[in-house]
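To start, the structure under review is shown below, and the notes come after it.
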Amino acid sequence: MDAMDAINGTDRTNGITGITGIEDVNGIGGTDGARAFPGNGAAPAAISFPGVAARAAEADSTGRVPAESWKEVADSGYLRLFHPPELGGTGADADTQSAALEALARACPSTYWSMSVSGLLCGKVIGMYGDPVEHRRLLDPLLAGEISAAFSIVERTAGSDASTYRTSVRRAPGPNGGFLIRGEKSRITNAPTADLAIVLARREKDAGDDGPDWCLAFVDLHQPRVSRYDIPHMGLRGMPWGGMIFNDAHVAEADVIPVPFEALAEGMSWGWLKTSFAAVAIAESALQASVRHAKQRESFGRPLAHMEGVQAQLADSRAQIDATRLLARRAVVERVAGRPARDLLALLKVYATEMAVEVATRAVQIHGAYGVTSGHEVERLYRDAEMNVIGSFTTNRLREQVAENLGAGAPVYAPFDWLAPAGLTALPPGLDGFPRPVEPVHD
Amino acid sequence: MSHVLSGAVRDDGLTEDHGPTDVTPGAASASAPGPEVWGHRIGSGLVRPTVAGRDRAGRWDPALFAALAGAGGEGAPGAGLAGLLVPRDLGGGGLSAAQAAAVLEGLGEGARDPGLALAVGAHAVLATVPLRAFGTPWQREHYLPAMADGTWTGAVSLRQTQGGARPLTVTAAPAGAGGWTLDGTVDLVPGAPVAHHLLILARHEDGHGVSAFVVDAGTPGLRIVPGGPAAMPTSSWGTAVLDSCAVPDNAVVGTPGAAGRETGPLLAALDWVFTTAPWVGVMRALTRDCAEHIRRTELFGRPLAHSQSARQTLADLAIRSELSSGLVRGAASRFDLAGRSSLADAAAVRLFAAQALRTVLDGASRLAGVDDLGDDRLIERAHRDALFFSAVGGGAEVLRPVVAASLLELG
Amino acid sequence: MDAMDAINGTDRTNGITGITGIEDVNGIGGTDGARAFPGNGAAPAAISFPGVAARAAEADSTGRVPAESWKEVADSGYLRLFHPPELGGTGADADTQSAALEALARACPSTYWSMSVSGLLCGKVIGMYGDPVEHRRLLDPLLAGEISAAFSIVERTAGSDASTYRTSVRRAPGPNGGFLIRGEKSRITNAPTADLAIVLARREKDAGDDGPDWCLAFVDLHQPRVSRYDIPHMGLRGMPWGGMIFNDAHVAEADVIPVPFEALAEGMSWGWLKTSFAAVAIAESALQASVRHAKQRESFGRPLAHMEGVQAQLADSRAQIDATRLLARRAVVERVAGRPARDLLALLKVYATEMAVEVATRAVQIHGAYGVTSGHEVERLYRDAEMNVIGSFTTNRLREQVAENLGAGAPVYAPFDWLAPAGLTALPPGLDGFPRPVEPVHD
Amino acid sequence: MSHVLSGAVRDDGLTEDHGPTDVTPGAASASAPGPEVWGHRIGSGLVRPTVAGRDRAGRWDPALFAALAGAGGEGAPGAGLAGLLVPRDLGGGGLSAAQAAAVLEGLGEGARDPGLALAVGAHAVLATVPLRAFGTPWQREHYLPAMADGTWTGAVSLRQTQGGARPLTVTAAPAGAGGWTLDGTVDLVPGAPVAHHLLILARHEDGHGVSAFVVDAGTPGLRIVPGGPAAMPTSSWGTAVLDSCAVPDNAVVGTPGAAGRETGPLLAALDWVFTTAPWVGVMRALTRDCAEHIRRTELFGRPLAHSQSARQTLADLAIRSELSSGLVRGAASRFDLAGRSSLADAAAVRLFAAQALRTVLDGASRLAGVDDLGDDRLIERAHRDALFFSAVGGGAEVLRPVVAASLLELG
């Protein structure tokens, strides 16, 4: 077997993860300390955030991203990877972007969400819709990690249904110019802590203004006419989440950007990509924890790793994660190449997020009581996983969009009243008919 | 090994303890053998020996059906399988609905022949109960005694067991001199080529109302074209073509125009519950086959029964069988009480059991591998037939709204 | 339609729940106040715990069963239902027992777990293995709700594998008689708060003692040589959970009861029943919350209740719950009739607990962001549901037992080393073979 | 509508943008039509028109196979489907493994004929690659050119694509005067009745080692008994019976005694990846069929496409197709690099795709109801064939340990 062993030597430990070219991207529990991103061409496998990983439980219990973690990530250059040099980024290639997304989400899903919403999603939106010169004053500190931003779309009324949004922007009276914003955004990542909000708002238009009905407002959150609140949440607890109330808060002239609503879809679908990587990473972390546990633990005299039922769960998870990661990385390739890939992102987000819940549930089962004990990584991942299903467009809503992309047409609503005409709300008779006879039909 | 897990009845037809398979779920009784034992014995004795050959040949066996119709033996009611639900005073077995479901479950397990079990259920339940529930005294006395002993068989299209979810394909127009003229085509009729009469739902040509008709096979204008789906080839299948088919007024079953509230929902509910019952028996049979299979099959040089994964799969089969059985029995028992049955209950039964059957077949085929179980290729046959089963009665796209509407108080 | 409406009138609102004869057993959020159990024959539907339901969120956030809830349940007679009059119970019929179990678990799964472990499980075990006269001193206050008990089987080492348990009982030296117990039990419901522990321990046997190797010790937890700790946990947070350390704690002579290990199975399977009803109730609560939400909520101009995707989820849940409840009630009938029904209980526990996770996951999806917001009933139920999968024998372990009952034989362990001989760990060649040739086999 | 969701190729065979179906997953290319377009065109042009009839009759069509073997047209490599993986210098198309997988995926989508796609894959991949990888120069030059143009077809038993998970049923004993004597029976050989030669794994009679043999159909002592499973009837099936079948030393493929490390795992990995590829195409075809079906079908008086539930089901089909495609392409591409492929990767592909296929078939049948889709009854046929597909190559009970062992560093 010598020759075969020689060939197998390097492969056995990496196993199937090799398919993606990214292997065990971070050593959870390793030593602290940031590591700068390698240049393009360096092995993406080198990306890791050991300090962030070590502080993941702390983030969960305090409900905030630890300052050291924020700094570690900012110092690594993570926030710049996704942006072109002309906007202050480093324009990493697709492999590096994918590896970085997964690595940070492996280390701490909450930190990943908070920082990616700020640096990736908000950064992309400012880059796409803002002014390339004027808004460097926002982008520069954002990509340096000196400020954080919240992407503020959703309101209290209804998740992703924009027709219900009421927040609006109008011209400020008086000589100083600028605008006033009024309304409330709720269930927003980073809302309780951010410095800057990218707010979707309605434009109160002057007569003759035939511009878009909507705008993006870049709102400085450090002003008295903004108040904010926390919303405690089941998972991703280290990610600040909550609402912000604008009570005629001031927005600078240059920071209100009229945008047709449809145009925003492109920017928002970065959110689906971010969420999908969160899901892949949560699933991978849950799987790796399960592998570790299965190797260490015995039950009824049998090491868990030797039990076929446990193996079956691990194998199913492995296959699902591999399939999802391949699609996720393909989506990054598309995005980096400048193609929208929104169809791909929609179906990726649906599968990835539900897959992660399934994998995390298996991980809890494999861990038994450990998996439901607070403070255990798997207990946290189980709570985190479900958040991705709900976050950035609920998955069931996205399924409708996938179907529309497949040619099923736009959703058509009709009140549900067709069972009675079909006789299918009736109380059917017993073997001997009804207790009393049915009256004949007279038209 | 308790029979709860191993199926209601041993393969040899011997009875075990019958508490949990008693016809009233939840009621304990450890006395006489339950009706499922009788059904199982008939199935394993008469049907199973020839199922593989009949299935391969796609052959309907009239002699076998006649034998089932008149089957007796220990535990038999006054009549055979054909007359399960015909009252005793009309020559039937006079079983309760719950007992009939138990018989069908036992039959499914013993016979391992979903097609023939469907043929039995279509005649003894779908074609029989509407006549019993809504038939005129003349209709009851004319049809039911001959149906009870199997002299006449009745047939119903499985397109007409979903209420009005999809448009009815047969129309009825009043004839000038009384009576009705029926036109249209309805396929997927198990037993049509051998039926004495068909129960047909037709919408009134004027758009107002739906009526049920019992149409004798010899009626001019009614033509039966043999043939049907690839599934359940041990049933006989046919399409009924009605071309200006004139029927008398006394062919109307129930209130004229009101079949949308009488026979229509009744057929749906009966289909959802009673054609499910034999499948519960099939699930039990598959479970037991798998338990046997993993003991005698080796993988990686050791018995498959040593594999934790195989054992867990086996457990999941048993669980699905047991849950489905309870649901079917519970819903069936409510037909015994006028005004207590519910379409939502019945729809939930089918919805659950169809999903359970998929799980059982997936698991069984995973355990069996490329070879089937037993000598009669039950997995392959059941896999094929289950595809059809899960689609008739409207399928999940009809069942789910029916269940949900009840919860949501919508309709 | 008049006749049909008359017939339908009463059925439409009850819908399919009618199958079980138990309809909307408690009005969550109703008025406070205990209601005594009806006598046998009274409608089980009358059983409800509105005060307990109103305090369910409080129990979750404080990690304790509120005293008022404990009192409400105790005053209702719940704790006595499961026991015969000769042991101080009321010997309720199966329907009443089933209805009561589901009603309390609907009101608050944590309170249900804590009180049912105490009054049902520990009560049964004392009744079965204890002395019918002597141990009335324990049973009487237990069934009155004046004291609470912990069923203490599991240790730190391994979940349900008794061979790893080390806690032992030995004769106390000195003239006062009695026994000393030493060891640690962990992950035990009520451990942090109970007055009494029913402890499984090894017997240190004198020479010539050929009695069982195991015993049950009824340990008074209010003594200095007992210390205890909390274990924070993901769900069922209102249920105290943790460990107890016996440092030669004293046990009275009469309170050490030698028991063959196998004999305990009967008592322990009450735990499976209790857990299964918790699962059914959690699923039903999650479903009812989903129905309420679907009726109230609009999205994209469509009431959720009218959307077929939502209906599909509700219908699947309804069917699964109905099937499970029927089996659970059948199991109660068997138990009340004095039959062990352990096979039935094993498969019930497997399905019920995983089903509840599935239903709760659907409920979170239907609720969207509400479903992951702390303090929302559904967020709590989602965390609670998974606990039942792990609690009282993990579900995957029980599957093995079901298989054994089916004749698959006892689990047989062999080290997993058969892939390599099958050539299935090799690195397969590429299209053009291996990079270098394989050496021939020489035996 | 992007082709990502609608399938790689339109029904009419016109190409769309091909970035995501490029043979290198993750690499974007929007230039020439990919190999899957060629495969799709061949399938829809040559295979699909007759699939329903051949399936019903259980008929192997040698002329059709010959046409596929020599198929050319735009985008064709130097050879037809038979020679996909034969190097160009031996008369083949010289495609990369990734390209070959893409061709098979396109073929599966266009042809809608899992049986014929299996026949193609068994010849062009399973029977071809071991000769290419391990054959002596004589074996390569003798067999591969004639296999590349379809003059000769090679066959392999699908029992022998799971490594040594189950015992091999053929033994090899050294003959006194050199050469080997083979004894035993191996069934489930697609193409056996028409094959020129079979690739057979045999365990050494002395218990030490396994060797692979290429055995010509005319060899004395080798008898082919036609017949096989009910699944995939458009393939030809047979059982090889070896009765003191004498073969020369140059019939051994690869290192004598080392097939347990060479051809054995190679066949498993090839099966797990390449016979999965056409099924990815079938999933795409079902997805598109369903999208069309729900637009033109009514339920409860409105288009099924208006139902949120139906739409969500449709989305799930597209998702499974897309994920499976990525996995297959990714794993296939690793065969192009000696020493980079992995059994665990290949097993994960099959494990995932078989489950995805079940989901797709469940969903498609739920949407289609009692009527099938299209005029060729694809759901019914694929449902039947998928049962077999998910069991060959060892099935989940073999695949899961292979995947898990790699994670757990066990074996």
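Read from first to last, the chains carry the letters A, B, C and D; within each, the first residue is number 1.
Convention: contacts are C-beta pairs under 8 Å (C-beta built on N, C-alpha and C of every residue); 3 or more make two chains touch, one makes a residue touch a chain.
This is a predicted model, so every value here is computed, not measured.
Enquirer: Quick check for the class: compute each chain's Cα centroid; which one is farthest from the centroid of chain B?
Expert: Greatest centre separation from chain B goes to chain A.
Enquirer: Would you mind telling me which chain pair, A-B or A-D, is linked by more contacting C-beta pairs?
Expert: When A-D is set beside A-B, the one with more contacts is A-D.
Enquirer: I'd like to verify one number: the distance from the centre of chain C to the centre of chain D, where each centre is the average of its C-alpha atoms, in whole angstrom.
Expert: 48
Enquirer: Compute the distance, rounded to whole Å, between the mean C-alpha positions of chain B and chain C.
Expert: 37
Enquirer: Spell out, as numbers or ranges, the residues of chain B touching 2 or more other chains.
Expert: In chain B, 165, 261, 300-301, 307-312, 334, 339-340, 342, 396-398, 400-402, 405-406, 410 touch at least two other chains.
Enquirer: Mark out which residues of chain A touch at least two other chains, giving numbers and ranges.
Expert: As it turns out, chain A has residues touching two or more other chains at 4, 7, 11-12, 305-306, 308-312, 396, 399-400, 411, 414, 416, 419, 421-422, 425-427, 434-435, 437-439.
Enquirer: Mind listing the chain D positions that touch chain C in their complex?
Expert: Residues in contact with chain C: 85, 97, 129, 132-134, 163-165, 208-210, 254-258, 260-262, 264-266, 268-269, 307-312, 334-343, 346, 398, 401-402, 405-406, 410-411.
Enquirer: Sort out for me which residues of chain A touch chain D in the complex.
Expert: 1, 4, 7, 11-13, 15-16, 18-20, 94, 287, 291, 294-295, 305-306, 308, 310-312, 314-316, 318-320, 322-324, 326-327, 329-330, 333-334, 337, 339, 341, 343-344, 347, 350-351, 396, 398-400, 402-409, 411-412, 414, 418-419, 421-422
Enquirer: Can you tell me which positions in chain D touch chain B when the two form their complex?
Expert: My answer: residues 158-159, 165-167, 188, 229-230, 298-301, 304, 307, 309-310, 358, 362, 365-370, 377, 379-380, 383-384, 387-388, 390-392, 394-398, 400-401.
Enquirer: What residues of chain D sit close enough to touch chain A in their complex?
Expert: Chain D reaches chain A through residues 1-2, 4-6, 19-20, 25-28, 261, 287, 291-292, 294-295, 300-303, 305-306, 308, 310-312, 314-316, 318-319, 322-324, 326-327, 330-331, 334, 339-340, 342, 344-345, 347-349, 351-352, 355, 396-397, 399-410.
Enquirer: Can you name the residues of chain C that touch chain D in the complex?
Expert: 307-312, 416-417, 419-435, 437-441, 443
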